[in-house]
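Scrolling down, you'll hit the structures one after another.
Shared between the two complexes below is chain A, which pairs with chain B and chain C, respectively.
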Partner chain A sequence: MILKVIGGIMILSACGVLGIAAANKYSLRPKDIRRFRASIQMLETEIIYGCTPLPHAFNNISAKVEGPLKNFYSMISDELNGGCSYNLDTTWSKGVNKLVGETFLKSADKDLIAGFGKVLGSSDREDQKKHFELFYIQLKQHEEAAEEERHKNEKMYKTLGFLSGLVIFILLV
Partner chain B sequence: MNHYKIHEVLKYMPKEIKGMIEKMQPLLLESMEEVRLRQNKPIILYGGGREYIIDKNGQLVFDPRNAYACTLEDIKNAVSLITNFSLYSFEDDIRNGFVTIEGGHRVGICGKAVLENGRIRTFRDISFINYRVARQVLGAADKVLNHIIKIDNSIYNTLIISPPQCGKTTILRDIVRQISGGIPSMGFKGKKVGLIDERNEIAACSMGLPKNDVGIRTDVLDGCPKAEGILIMIRSMSPEVIATDEIGRNDDAGAVLDAINAGVKIITTIHGSDIEDFLRKPALEKLHKNLFERYIIMSRRQGVGTLEAVLDINYKVLKNGLTKERNL
Partner chain C sequence: MDVNLIFKIAAIGIIVAILNRVLTQSGRDEIAMMTTLAGTVVVLLMIIGMISKLFDTVRTMFQL
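And now, the complex of A and B:
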């Protein structure tokens, strides 16, 4: 009897954890987008008010953020400063690819962010400001879509995980 | 020295073009003064008064049709490199038509001007780029220093007159270095020099530190408009000598006048090929009346940095480089 109870608890918790992991994919994406957006706001401040050249600006931001974003900005800054990059667009895309691999951002987010690298730094301040504003709107849309998806899926996957554990348990007993 | 200089410039060129130019003979490469990129046109280099066209393997060619033609991508990447990937932080420089890169080298750019209220706001579609290799020549001012220095350990207000590309900035830089450092062989003690380096060419500051040697008693106001800079210098750093490059506007003249009236000595330059060119500039009218005590006139007749003449306050020739006596 004791064995049955222990086995049951193990099955239930394992399935529960699986469900939470599946749900995380949805619940963490909006957070990642928000975090990224906050870092882009710092970048805008650096560009519009500080007029800081991008390699320095990236370096400054990398000191203020944490986790994968920190790696993202410091990698780009290092490449631009190290003189091994001849083109911001390619370096930025490379960084974005890596960032998407380390976070819960989707490939749709990747395309949007990578596209921003084409306009970043390539015009005067007034123009850059417009690009930033447009980028915020697009990021916001992605965030809302991600939020909606989370709403739909997060609870479902969590319950599903737990319930499937229960089903297996009942079937086995 | 110069070998090192051209490599400073090459760092700001797109990878492919850098590769091509680096394949040139080292001796030839060292002598380069200008590298020109034009969209869909061959890369042309100038050095030692000669022109060189190269193909994609870095070989010299005579027929421009065999040369490597710059692509739109090359030009874009070049612009992105010279502006440190940040066009917005060079807005003012671009409006003036050039950017100064690390090492004090100038990169001229041309394209479609975007106007706002009749004034240039920025350049769009940049398609012509000219890299100019700047070099510091220690001792460039040796031949004129004895005319600038007064007996009482002071100096004369000096104006250097020279067409572009004749070593005007080079000689100014060396004058600043020697006046600031002091010249033991002439018994001249160093003076406090205030250098207003509007275009970052004389001292070539990077992160606030001069990359060129401008002497130990020199304060550099980097990237500051001349007229304002001169006044700030007088107020804040109590200089004995103020040096600045290429005055030309009305307010520059006013500020120079203020400095002279404040008892500060001035060393500056203008574009022109002789003293008449200076006297013809209406914007500098305030300075025409015997304010400068020495005029140094330069050309490139016998190579960059040829000294044509030194005139005194009454335009009398003190030293004649090449030409026959010229009295006004």
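And now, the complex of A and C:
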């Protein structure tokens, strides 16, 4: 009897955790997008008002943010400073690939962010500002879509994981 | 005849009903339908032995 209870608790918790892990994929994406947008806003400030050169600006931002974004900016800054790369676009997209692997961003977000690397630092300040504005709008759209998806899926996956554990338990007993 | 089976079937029924609600609410009507069907099949599999026993009993009772 005790063995059954212990086994049941194990099955239930395993399935519950599985469901939560599946739900996390949806609940953390909007947060990641928001965090990325905040860091891009810092970059805009550095470029438009501080007139900081890009490697320097990336370095400054990497000191202010945390987690995967910190690695992202410090990696780009290091590569640009160290002379391993003279091309921002390739370095940027390499960093984005790594960033997407470490966060919950999707490949659609990856394309958008990688595309932004092409215009970054390629024109004067006024023009850059316009590009930033456009990028914010696009990011906002992605964020809204992610939020909608979260609303639709998060609760369902949590319930689904738990209930499937319950079904397995009842069938086995 | 064990009563446990009835409780088991009742529990499965409740869970399938909740699953159905949750899935319909998140706009996955086909999957909700599939879970309902799967629940029915599972319960049928559980009681199929008893049904065949019932038929056998009826047959022997009327000597068919």
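By definition in this document, the second predicted complex is superposed on the first by the 173 of 173 C-alpha atoms of A that agree within 3 Å, B and C clash if a C-alpha of one lies under 4 Å from a C-alpha of the other, contacts with A are read in each partner's own complex, and residues count from 1 in each chain.
Just so we're on the same page, contacts are C-beta pairs under 8 Å (C-beta built on N, C-alpha and C of every residue); 3 or more make two chains touch, one makes a residue touch a chain.
These numbers were taken from a predicted model, which means no experiment stands behind them.
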Partner chain(s) touched by A:96 [first = chain B, second = chain C, both, neither]: neither
Looking at A:122 after the superposition, I want to know if it touches chain B, chain C, both of them or none. Which is it: first, second, both, neither? first
Under the stated touch criterion, which partner chain does A:15 make contact with: chain B (first), chain C (second), both, or neither? neither
Would you check which partner chain A:152 touches, where first means chain B only, second means chain C only, and both and neither mean what they say? second
Applying the touch criterion given at the start, work out whether A:163 contacts chain B, chain C, both or neither, answering first, second, both or neither. second
Give one of first, second, both or neither to describe whether A:171 is in contact with chain B, with chain C, with both, or with none. second
Contact-wise, after the overlay, does A:40 reach chain B, chain C, both or neither (first, second, both, neither)? neither
Footprint overlap on chain A, comparing chain B with chain C: none
For the complex, give me every residue of chain B touching chain A. 11, 14-15, 77, 80-81, 83-89, 91, 94, 121-122
What does chain A use to touch chain C in their complex? 152-153, 155-156, 159-160, 163, 166-167, 170-171, 173
Can you list the residues on chain A that touch chain B in the complex? 47, 51-55, 57, 80, 83, 86-88, 121-125, 127-128
Touching residues on chain C, where the partner in the complex is chain A: 8, 11-12, 15, 18-19, 22-23, 25-28, 42
